[in-house]
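Next up: some structures, all given as structure tokens.
Both complexes below contain chain A, partnered by chain B and then by chain C.
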Partner chain A sequence: MATEEMEQLVRREYTQGFVTDIESDTVPPGLDESVIAFISQKKGEPQWMLEWRLEAYHQWLKMKEPSWAHLNYPPIDYQGISYYSAPKKPEDRPQSLDEVDPKLLETYEKLGIPLHERAALAGVAVDAVFDSVSVTTTFKEKLGEAGVIFCSISEAIREYPELVKKYLGTVVPQGDNFFAALNSAVFTDGSFVFVPEGVTCPMELSTYFRINAANTGQFERTLIICEKQAQVSYLEGCTAPQRDENQLHAAIVELVALEDAYIKYSTVQNWYPGDEDGKGGIYNFVTKRADCRGDRSKVSWTQVETGSAITWKYPSCLLRGKDSVGEFYSVAVTNGRQQADTGTKMIHIGEGTKSTIVSKGISAGNSEQSYRGLVKIGPRAKGARNFTQCDSLLIGDRSGAHTFPYQEIGNSSATVEHEATTSKIGEDQLFYCRQRGISEEDAVNMIVNGFCKDVFQELPMEFAVEAEALLNVTLEGAVG
Partner chain B sequence: MLEVKDLHVTVEGNEILKGLSLTVNVGEVHAIMGPNGSGKSTLSAVIAGKEDYEVTSGSITFEGRNVLEMEIEERAQAGLLLGFQYPVEIPGVKNIYLLKAALNAQRKARGENEIPAPEFMKLVREKLAVMKMDASFLQRAVNEGFSGGEKKRNEILQMLLLEPKLAMLDEIDSGLDIDAMKIVADGVNSLRSEERAVLMVTHYQRLLDYITPDYVHVLVDGRIVKSGDKSLALELESRGYEWVLEESAA
Partner chain C sequence: MSATHTFLDRLEERIANRRESATTPEPSWVTARRQAGAARFEALGFPTRRDEAWKYTDVRRISEGDFALAQDADFSPSTAATLVLPLDAIRLSFVDGVFSAELSDMASLPEGLGVEPLSRAMSTNHESVGGSLGRLAGVEFSPFTALNTAFADEGAVIRIGSGVVVEKPILVQFFSRANAQPVMSHPRVLIEAGARSQATVIEHYVGEEDAANFTNVVSEVLLERGAILSHYILQEASLQDAHIGSLHVDQGRDSRFTSFNINLGGALVRNDLVADLNAENAEANYYGLFFAQGRQHVDNHTLVNHNAPHTFSNENYKGILGDRARGVFNGKVIVKRDSQKIEAHQSNANLLLSDRAEIDTKPELEIYADDVKCSHGATTGQLDEEAVFALRTRGIDEQTARGLLTLAFAGEVMDKVTLDTVAERVERAVAGKLPERFNLGDLVDVATADQA
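Then we have the complex of A and B:
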């Protein structure tokens, strides 16, 4: 489409101003400018945002889907996907837990999910269960007093356009990669966090909001900014298995840390992995990146990845500030027919930058898992240090683990250490535990949780307990 | 209590036990001695249920139950516990966690409730004192970075806590200095009772100076060729195994 036509389209959609009354709640499958304009209009976005989306779309059109990952899946038909659908109306949802799949409820039980949250997670019409609004309001007030902004990205675009404009796409540019470009064009949901100078966010963010997280969209976009000496701990996701009709998920998370700021970002991802043959599982292609812009800034990624049919995800840190610090702690578990290609990139640009990578991969069943990590030391990164530890644990003899560590060292004063191990879950360890009277399943859980301990201890306390339970549920039936 | 009859066991096609029979009654302490490769460790491993060991004929019963049909954990829950020659390391799993999980698994199998935390701690401290182990052991990962002697003491600590009906000790003396040996022996002796039995596998007579057995059996080439009391062990010490072989061949 010619630029002129595009402009026309844009203008046409917006001649009536930002207040719109669109009857349709979904768009037909396919992606073109009109779909993007529809999304932008639905969200009540200003003109500049639409233009930004369209720029991304045009870059995406010229890009090819990456094929370098150690993943195997049928081609995705991007014109066969619907890029906007409004959340289900309350009357279309189950009206009580009695109407919910008992298997799902059983899993919630095992995970120790609080009773009042189960209904919401299962998609029961929330109003029929409890009123979540008052809870949300209380926390908004508390955050407001501290000067912290925490809202949906759509709200931020409308309410804080200057902040969004200043930071959006500065860490992950629109054309960064195929999936990032797609997300930039069509993102519909996600969070925005802004912590002003000198403020330590008074609570773990999103702990109380995860019910909402259960209904997050296909193309999430999260932007977190910590000004000088600000601190925040953000939790994403939920241990409860999340089902979604949308198979393709391509999220972007951008973190910006200014001088002496500290952002701790924890994820527990448990998307539906598909049935026993891997059918119907979520494809999760995520771009997560942190920009340690300020001197002595620090970003810590902690992730527990158990869900999805396919995971393509490399939370990374650009260590630009002097003495800035990047950390990546990861546990990835694959079972059944799951495939995961995950890892991190630590790009050392500033002097004295430090990074730590601890990755634990557990493959069971017929699953395949790869660790892919890049440690790059730029020419100006004098005295930079990296430590990488990358351990794989195989359960059974049909699963695979692969490690692809890349190093590019451009400064001779840097110290880079890499340790990697691959072990099979020891028959001897299992025998030892069972010979003490512990069941085989409990023994596997004990050994695997022990293997992941270095990472779990980085998680916020209550999350850590849930993560252990989650691991146990994921590995059910992995042995024997 | 334990009845092993005409047991034949092969490992990777090689017959290791060739018709072994043994009876252990409650309250007794048995020692099995024999040269390297005679099948000593195989016996306790088969009773404990280690895989890769194929029982081709014969039977093992424990308190009237067919042991060979029981899962590994069921055997442990029934009171058959093995003290390992080479206890494995389990990184990241705290010793105290394993102890508690094991004790509770056994209680559950007996239809009892989980042990309350204060009661458990009291019990563990008591047993630690017997083994002259510091409480810091509880917070360390199972056997990780333990010295040989610490590993063996840890095995006996588990025994004291789990109170098996039949404690099987596979070369529990290997790699121990004299002080550690005494502590381990004290632990084992404290287990001795009218309700329990001990089956020790050892290469050396030395251990038997500290734990006096009621019976000594000589295992050669997959069979028990001679049984006697403690004096047999002393005789083996001074004369070696050759004469037993000759005698049994005659």
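Then we have the complex of A and C:
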């Protein structure tokens, strides 16, 4: 096969790597109580929030960084990271798009996400997080009419303290794990969504996370609450500019679904994966968890992971309500020297709970990818049902694909199925396409897209298009 | 003082007492190896639930137990006769780890086959064992292999010469007695299969109903080019016994290793199977069946290392769990870098018969080459009610229907068993253990009569 062409494409520069120069309001690197107090003060938070953060910080001090993942990276210096960075003039927020810093808008243009256009055309409300402060929120009024609250978490802490207090940390407790504790101590922003009883959110909610300002960690915290019979679809997309220094990202996403509620959470993650030697690139340590508290509630995670140097991410569902449903659809693509250890946890606690896991991993170049999943059926989960399918596609003989599925089954009426395969793109498949005049490049794309179809069709329309394009860019010509 | 130290000190003292009576001193390499094993065990200590490999298995039953060492091999031949496999076989017997010439039968060994107890092999020509013993199962593998290395003084040495086809199965029997004080044994089994040889080896663990001993066995199997070996572990120990075993296999070019790992007895059971496929066209097949009830705990860990291109592995484990039993399955396939053209398949299916039974299964793949076909699957469930119904419509009562379906579930693995005596014994045992306890014996007898 055309090796040169392949190499050319594999070596393709990260097209979304650029740095926007906005003067940041940044604290010096290091973490102690005063930094946490500074963050809390900067955000205008009440006293209880500061105490909550400090509690998390003290737990974090006692914890050790986990080492069980199939990942290999140099030790992170937590004192070498700056824990706060915000675009200038945080008090003086723009009231509409016209007031937004034109440089920021330009950034979005370069990313191919023209904010206003997209929002208007697609009917998507965008809570764009630029670095750590929400810069603009659109369609607020329309959402307000429906009674949906969609704002930054900082705003929620100020405006709806009772709601935040009631739910924050109830799905991912402060001391849940090392990175969760760190996030709980220093999170700077993120989104807050509250959908009241019986309301179906009139539009898909979307936040574009951007990492900017060299040397700052990004600690987002998202909290979504769906009351009884409420529904929401939330889109999260990420890209980041190219740089040399590793950036730590430790986010938390908490979802709470009450009776008959439905939350759909979709992610396209395309952070900078590092250069061809694996230098630079984002370290992505994320804790995502959904709590299906109510009977018949449903949470669906869909993710397309193409970026980051290191991914450590296990979106999970606690299926507590009777007949509650958890779903996890994932496509993870690694190339170059990327490493991903990702998967899900489905904890079946209630009767008649169901979960579906479909995970597709594609590893190319020198990358390493692991699926790590847990399906746990508690003794009370009568008639619980799980189906898991995780397939890996290997491209190139230097890549690795691993599966570590844990199943802990404590109820005889449960049915749990797990299937996994690992293979490469078949020569016969390629040949079949080639003899019909399809170029090798297109054939590979077709096959890979077909491989991922089960997951892509779970994505909202506009995301699916983006995801397919992203996949093609990442993998084009990587087959030999 | 920790459980590990208490255990080790007590054991060392007992071993010293026993060795004082020995006439010839041990060769120095044996002493050195024992010291290394003891040191390693001391450093590692008993595994805890914090160790990933022992996440689901608690060994306190062993670490907190007080086990003596058996002094003799006295065992009533009539009791033994009720326990042994009715096979025309070459027999090597151990009672609580002590060799019993009386219960062994090595009279007519075919030419090119050597079968002897480890103690005899060591006293007659220890150099010939020295090279291969401990080559595959190092002290690093687990605290229990270290413990075995330190204290093994009996076992089986089986050597099959090049091109030798052994017709009769070689049966290594381990009897466990109902002792006033529980005993422990650390047997070591060494199997060397020469080029193009063929043989069947059975490790049979069985004992008196009230036995409550601890067996810690390590087996090492070397397959030279083109060797074919069928290896059985038939573990039918008493329901109070603790059984820890590890089997380490080294496969040469074109060799084929087939393992049957059948676990029906034991209170606490842990088996580790490790096969290294070191040359092209080597093939490993793992078949396993475990049936646990009461509060039995059965843990099977398997590992296949595809170290060379064009190697194949296939694995099928079935578990049946009733009452408050707990089963653990951990299957791992590792494909090394540049080991291309690999096929590796793995499957684990479990049947839960009770609400309080638990299974923890983890089929893992670690793959560093791209031209591979690997798959694994794990399922857990209960009997298909529609299948039960289908049998009921044909006039079969519910108990028999459930019994038959459970047997059919085990059948997929048992079908691979080529020794009818073993297959039949296991099927009867499984049928006898079912909650419905229907009388399969009658069915089998009827079927046999029909055939005749």
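We take it that the second predicted complex is superposed on the first by the 383 of 480 C-alpha atoms of A that agree within 3 Å, B and C clash if a C-alpha of one lies under 4 Å from a C-alpha of the other, contacts with A are read in each partner's own complex, and residues count from 1 in each chain.
Simple rule for what comes next: contacts are C-beta pairs under 8 Å (C-beta built on N, C-alpha and C of every residue); 3 or more make two chains touch, one makes a residue touch a chain.
Just so it is clear, the model here is predicted, and its values are computed rather than measured.
In the superposed model, A:F451 lies in contact with chain B only, and not with chain C. In the superposition on chain A, contact of A:T200 is made with neither chain B nor chain C.
By the touch criterion defined above, A:H418 reaches chain C but does not reach chain B. Within the superposed three-chain model, A:Q429 lies in touch with chain B and out of touch with chain C [touch as defined at top].
In the superposition on chain A, A:T170 contacts neither chain B nor chain C.
Legend: residue contacts after superposition of the two complexes on their common chain; A:G437 is shown touching chain B, with no touch to chain C. By the touch criterion defined above, A:S392 lies against chain C but remains apart from chain B after alignment on the C-alpha atoms of chain A. Of the two partner chains placed by the overlay, neither chain B nor chain C lies in contact with A:S34. Of the two partners chain B and chain C, it is C that touches the larger number of chain A residues. Across the complex, chain A meets chain C through its residues 68, 70, 379, 392, 394-424. Chain C makes touch with chain A in their complex at residues 52, 56, 337-338, 340, 350, 352-382. By the touch rule above, chain B contacts chain A in their complex via residues 48-51, 71-73, 75-77, 81-82, 84, 87-88, 90-93, 97-98, 101-102, 105-106, 109, 141, 158, 162.
Chain contact summary for the complex, chain A toward chain B: residues 426-429, 431-440, 442, 446-447, 449-454.
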